[in-house]
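I have a structure I would like to understand better, so I am pasting it below and will then ask my questions one at a time.
Chain naming follows the written order as A, B, C and D, and within any one chain the residues start at number 1.
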């Protein structure tokens, strides 16, 4: 941490900083010349970096040096984390995120009717996917929109698993729904609006299931990794990140997939990361190209919305692919995976 | 709602839209010329505006015409809503937001120690404020930061009210803490990270206390008013909005107070709105000028962080004013209020 | 164009709109119900869409229906435009953007010294590229930074072409340098800071050379296509677009490549589009993955910065690849191109 | 400047940094512990801060310590700069920006017709303003919009000055129009799209007239002050800054006035700063409140668009005030100025 002193800071101000930092058990080096006075603070700065140094007399501003996250960092763990989803099935490779295999999750935004959900699931399976997405609890920006089937939706998802063997990815919105959703989910999804629901993140630390953590739509990469840190530091190492688009000034698409974030997070962290081109674009026409872009940039997987009848979907139909568009997309994902020396699971 | 057809849309596509819209009980007018084909949908469009028209064959995009919120709109209620906080005290004017009086809420970011909290409260009272803020439950981006005192903090806040008569503004983070926090709060604060916690918003609809709803840091004005709509449509009409800064590309300040939003929301909605210059800037030096700007733009009040010893604050000390800076700030707020034909409570 | 009337608009206000629109030679349809009054304006709205309808009495707001650009749109021209760069060379395929072949432009940010520039050019050529980039006139945010060699830089670029046969891509910053730069450039680059230099755009309409138009860092897709429209409508049809990253709240990377924009622009426009992962990321480590993502998303090419000695580059060395990293990157671009049914030129 | 080394940096990498920095004539201090290795670089870092240290072996990233601007900084000049516009007139106070007096500039977006321009000017004068704005050269995002009267517009502006004594503020878009515009302008306006037109900024350094520099719509405060630095370092100390709104995700208003920037820039720089609420909002209803907010936040003046007949304005009429709204607005500005211990000129 570097504390930059104001030009008008007095000797007393500087001594005060040195004393206070010393009391915190850290080492402080005063460096001065005609241009600036700085105090370089050495040692583990994470516990103190959010203290209000800018309100100390004579301080201009503070530059953190260490990344604020630790367990999520590459420095803490050099090799890629492998996160396994579901129980191993005899004779089949386990579903692992973060290894050489690209994983594809597909399914409708929300679970609506049992029959169409099962039909979609069979199509998703035939296309070669091993994970099925579908929301039972839905965060909706309008109180007048369809709010999800809740527990009934979970029952439908369990039937999907039973009938098809697909693993279930579904969202949990609230600490107090966690036990309920965990009975059904093989992979617990945390939505973009809950990335900073710190109570929920802490609770996920105590769960045995892996977590799919979506990036907050206005969260920086650092904040995204800090949210993962909450889960990791509370005891659950099985976190898969999901880039799902950030909010910018552009209005043609609903969000902007931050493609830079894929290699950036691969550099900063050992955690697996996938992309969600459906929410990142909001327009089904763009889903395929953006999915391929994610894989090409190094993502470990992709999650796409598929609906057999998008124009009658109760939630986000405009961004859903028709099932017949899935196989050619997977074919291309397979091709790009091969170019990068990877496989498609 | 205007449905814009793609240039290649067929007669069948157009007829399909007309039929479907008709089935929804709305009226559809087809308008065509050499430049475009549009379907103007008349009637109450709110229940259908989120349907996936973009996935219907031949549709290019959809332009909503009505604002998505209703109860929060000026069209629904022309005059300003008046929201009263606390019980009326004999011989004193009630604390009302949305009327001619400007209200000032002051206090520390987090409740830390009983003694300093009480000391701060007495200074806040002497300066002329009638509302005290302080967080007992704190959302923190780092799992390594101070997380708030919880129930013990609430007890301190009750003592503040008892000793000083100040009304208590404190945050609730979770549906399941709502009853607990409501025992203490005169005004329930919803933080920026919970503006899209829809379960919590719904639950607030059933509460008898008024709600101070902070704008999500990346929420549009429309989404902000939709969050208020959740509370209103679930039965609680007492919502005060709070503009607390949005996230932009600028990094010198933590956020950017959206000053345009004050008159814009006054135009669109009847709800009271205040500003939070402490979170909007993150730097105590900027708090005073930005508070004054908020009042000048037409806000109904201001919420500022005050701490007797910012450099030792456990949370957000860099943005806290020292108590001695409060009276001259209030003096200026009073002056500007008078220029605008308002008073300071 | 849809004119949305305020709820309090009078019959006179409505009649006024109908009259005024009629005088403009357009047709106006009044549609009214309990929820809103709108005037649907039919006909060619582009010449009037920027008129200040919001200041007309009784008007709430205006929703444009037609895209503001015409010549740049897919509606105007359905098939992809092919833009040829350089003169045809006997026995070689011409360098065409927008066809099946992916084009790669490589070279240093700025032309610095003749010897290193030539050395880089030879390496770029050996790697298989046919276009060389290098700036002689440089826009720099600091007056204390290296400002480019100007005319001397152009001379070096001409020598590059002579010695290697590579086509030259170089920036023009000002109308009055246009003739000078055009003597050297095979492809005239317009930088992000000049995308709204409308005098320059108009002048480019009169030039015989093709133009590489970079997106303004805070320009929407619409504004980007409007900038192209300036060039097209002034007589030059040979415009290649370049997505080079937009400005967002994220600070880990310099900009954010808008990957959604690639398929979005392919949908909206017939013009070729390439990506610039060097400026979009600012970090050489991310350049390769983001280049591949651009191709996977459907871009027609990529422009990458290459420098033989990045740590001594006078401009933007942190985002430059070392020449030895170019061939393996091109190998992967070729692989992905093949997956998409394209070739690498 | 702090150079943060990667965890895997070798002794050789560190020595290399120390050597290289030494060769640049700066002092380098190596500081190491279990958590990080940093090199603190002391001395004048501005000439080297843009060098590509991130491409040096073993370097993770670089944190600048000094602000990149010097002449524009408060450290360089402690007291406020006073910028005088126009020649002193006997018996009248000079028009000075940056002193106690608040200055108001008013007039139409574009100069359209001589008669209406003169009429507007007389109304502006009667309201008490001493500066008149009006664009002769107009940057327009659409090639199909009114592009300004050019030299004829300048002639009208000269007539305004002659008839009314108002000082003329008008935009220059291009280096090569500078001499022409300078014959007419008392204050040369640089628009938001030209804040990074570095050739133009350099040329303004050699001009005797003061400059009104608008902030780029996506420029940070630092970049804004760097643009001022270009003018200052090329010899012209008379720069007035203008905050005119930044681009964010919000779409209800055209831009978002960055109100935080007013006190922030007052802290960082000695230059005067004014606000432009017309462009910052795009909606005339919001102009008054946002103008007052700017003054309350500490701005030295305000520039508002006024048009006698906004609905027939050829440019930006939706954001123009009718002249009769000007006097009550000025009355309130005067009131707020008095609260802050200032006067209205």
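Just so we're on the same page, a contact is a pair of C-beta atoms (placed from the backbone, for glycine too) under 8 Å apart; a residue touches a chain by one contact, two chains touch by 3 or more.
It should be emphasised that the depicted structure is a prediction, and the values quoted were computed from it without experimental measurement.
Annotation: A-C is the more contact-rich of the chain pairs B-C and A-C, by number of C-beta pairs in contact. Over half of the residue-numbered contact pairs at A-D are shared with one candidate from B-C, C-D or A-B, namely B-C. Across the assembly, the mean Cα position most removed from that of chain B is the one of C.
With each centre defined as the average position of its C-alpha atoms, the distance from chain A to chain B rounds to 27 Å. Computed from the mean C-alpha positions, the centre of chain A lies at a distance of 31 Å from the centre of chain C.
Between chain B and chain C, the centres computed from C-alpha atoms are 39 Å apart.
Each of the following residues of chain B touches two or more other chains: 218, 247-249, 251, 283.
On the side of chain B, the complex with chain D involves touching residues 218, 220-222, 245-246, 248-253, 256-264, 267, 280-281, 283, 285-286, 288-290, 292-298, 332, 335-336, 338-340. Those residues of chain A that touch chain B in the complex are listed here as 46-47, 50-57, 68, 139-145, 147, 173-176, 193-194, 196-199, 201-202, 217-218, 223, 226, 229-230, 233-234, 247, 283-284, 310-311, 313, 315-320. In the complex of the two chains, the chain C residues touching chain B come out as 2, 4, 7, 27, 29, 31, 33, 35-36, 38, 40, 42-45, 63, 65-66, 75, 247-249, 251.
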